[in-house]
């Protein structure tokens, strides 16, 4: 059975190591913060200029001057630092953020990612996504394996305008965990109850299936 | 009083010299840390044909969004403009032009503009529509594109506290693009919550040295919140 | 204790992994704000063939100058090396190579190295020996030269206070090149006067966010003064 | 009679306007701070990272962590700001410093300046001089008109390696105040008691002498 949003977040959280500085995109990636394993501490970077994002404020802590990159009111964690947007992206662009987790519309076998623009629909902007994908050493894309019409989002070539070229190595979908190497998706794990056949049928891009594909674990 | 006292007596004085067709850099991220009173004054002045460089363009009826109502803006350079229906209408009808720029590149372009760096290479945007038409060069085997600096005729920024010399401190994440815009305006106008006397701020805590600030005005701020998210206390 | 605690127990641990032939970026301006204990440890380790990137190279017998005594440095990238006779001798005898770099360009190269900007244009050095062999390009009718970023295998920096996570504050003008070097080391080692607990420093006062710091050690400092100038009290 | 160092500093100080941010090089330029006219306030920028340099400290104020670009112990003036060296040169390179006053070995009719390197002598480095001359909108060079052997330092072409090309517009020497325009030095003022003839004889580069050359004033 396809993973729920919470299961995807839980599996993604296993990618985190103690001491990682992490940038989480909006949507499912944001949920990852709720599933960080015991004994692991991560520090969240918010690209508007906050390293060490804390939980949402209580009603009496709400402060218009303290927001995250999603423009939500937040708090600062103990040991946080606050800085301007050039410094924030210097940190990102310079490769200092250990892990970036973000969503996408499409990913290709070459590691291209499309996540910001659907021609014909209004273009709202890329925000910090292009900077993040161009910079992070370790990026995890979380997205559904196929779109609502059933079309695969794992492609030989992205059909939508790119957010970044050749920068993605790991993809977590509601069906599988895959790594991108040598121009192909490599199936590493399958969601519990999801067959390899189903994953194959829903993957349009070149897919390498090893002899054994373990079922995904969540802890 | 002396030549370093940047305090002006009115919003009119603060934005004196701003005319049609100019480029205005604006600090703020979303509605956080925006120079509310200066934006209101630009609306009151009725100047038109402005190019506005800002990470966002406000929301309908607040922030830079109010300048869309009177069609004062002809071009926006921003990374995200999705919070604004009026913007959407004007874009679709061709009344306004938009130059979408990655957030980090936008910040770095303003910093470069203020720092006398006319252009720099960045990996951001390579292989995407942002990179189209831009020079590509490889360094250490990796492709980068050349991005040029941004400067403005005016910069309008918002700080928390500033001394009369314009040495300024921002509060929390209301810092965002403000220090960058402040460096890149030919005339930089700063609106603050508190004006203090020189010497009251620790020199090591200054975010924007007064050398970047030409005019300083004390404002009052509504500080509207876009996404009020709370947890049970 | 957790994964963000950068404090190490010894200088040996602080510089573990530093080997012959590596590039070391050092903070400090003259003898102000230099990581005295880390320099002493490099001497003790006896690593050789180092490329040292630092605005200056210390003086005879103090600061980076002590690394010259045992001929540990093969190349220096600096803006001014005039305070050091040993340096002069080694330079004239060809034992050491020097790449003189304008002070602002040096600062910007380190910042670029830390910020993922591989190269930038600057007017500094155009038409001078510094510009020789470098690409020239005109922007707005003015000539600029292309300068590339600097990164190091190690950065050694000195701060005043840091919390265990490496969030650091510099004291007065001992800031200088330290925050820049801190961003551009593959491994950044920070020596401080005071280590405090996370939460003790105001997030808005942090000069170097802890994300740039890999190892943190508390030192004791002689703080030698190069030009003691006083007025009658 | 040729100007003394103090007279040169006094004349140079007349170039300053109330509210100017000023960078002073070592040597005579440093003395300019002592002659700022009444009613004029300037703020001194020290390129190691201090805007608002105060006087030297008293004995009990001496602090190794508070120095200027000449590595001298200094104090911070009221309303100072302290920052890193990249920010300091961003300020300089970006043209925010109003006036830079510095010494030179040679200046040419094209506004070239040589001030950092004499071939055959040990090269100590340019420090921040190249950044300063490339950036400031308003640079005043202070130097003797001729070197110790009597050779003019105002030339058609600099003979020494340059610090900057085409960036100098104003030169104050011990004999005269000159402006550089259209490939020539224009004699604007002569030192008290110094004849136009003497200045002409000691100026190797193309010199334009107007009909009237007023004597220099110091206040």
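First chain written, first letter: the chains are A, B, C and D, and each begins at residue 1.
To be clear about the criterion, a residue touches a chain if its C-beta (ideal position, glycine included) is under 8 Å from a C-beta of that chain, and two chains touch if they have at least 3 such contacts.
Note that this is a predicted model, so its numbers are computed, not measured.
S.K.: Show which chains lie in contact with subunit C and also with subunit D.
M.R.: Touching subunit C as well as subunit D, we find B.
S.K.: Please determine the option from B-D, A-C or A-B whose contacts repeat those of C-D, over half of the contact pairs being identical by residue number.
M.R.: The pair repeating the interface of C-D is A-B.
S.K.: Could you give the separation in Å between the centres of subunit B and subunit D, each centre being the mean of its C-alpha atoms?
M.R.: 35
S.K.: Measuring centre to centre with CA averages, how many angstrom lie between subunit B and subunit C?
M.R.: 32
S.K.: Using the average of all C-alpha atoms in each chain as its centre, how far is it in Å between subunit A and subunit D?
M.R.: Result: the chain centres lie 55 Å from each other.
S.K.: Would you give the residues of subunit C that are in contact with at least 2 other chains, written as numbers and ranges?
M.R.: 108, 111, 115-117, 122-123, 170-172, 175, 203-204, 207 - these are the residues of subunit C that touch more than one other chain.
S.K.: So which stretches of subunit D touch two or more other chains?
M.R.: Residues 50, 76, 82-83, 89-90, 92-93, 135 of subunit D touch two or more partner chains.
S.K.: By the document's touch definition, which label belongs to this structure's chain graph: line, ring, star, complete, or other?
M.R.: Shape of the chain contacts: other, as it matches none of the listed patterns.
S.K.: Chain pairs in touch?
M.R.: A-B, A-C, B-C, B-D, C-D
S.K.: Can you list the subunit A residues touching subunit C in their complex?
M.R.: Result: residues 17-21, 40-41, 43, 45, 50-52, 76, 78-83, 87, 89-97, 135 of subunit A touch subunit C.
S.K.: Mind listing the subunit B positions that touch subunit A in their complex?
M.R.: Those in contact with subunit A are residues 29-33, 55, 78-82, 88, 91-92, 98, 100, 102-108, 110-111, 122-130, 160, 170-180, 207, 223-233.
S.K.: Please output the residues of subunit B touching subunit D within their complex, sorted ascending.
M.R.: Within the complex, subunit B touches subunit D at residues 2-4, 111, 113-117, 163-165, 167, 183, 198-199, 203-204, 206, 209-212.
S.K.: Which bits of subunit A are touching subunit B when the two form their complex?
M.R.: Per the stated touch rule, the residues are 46-50, 55-68, 70-74, 76, 82-86, 88-90, 92-93, 112, 117, 122-131, 134-135, 161-166.
S.K.: Hey, which residues of subunit B end up touching subunit C in the complex?
M.R.: My answer: residues 108, 112, 115-123, 137, 139-140, 142, 144, 148, 169-172, 175, 203-205, 207.
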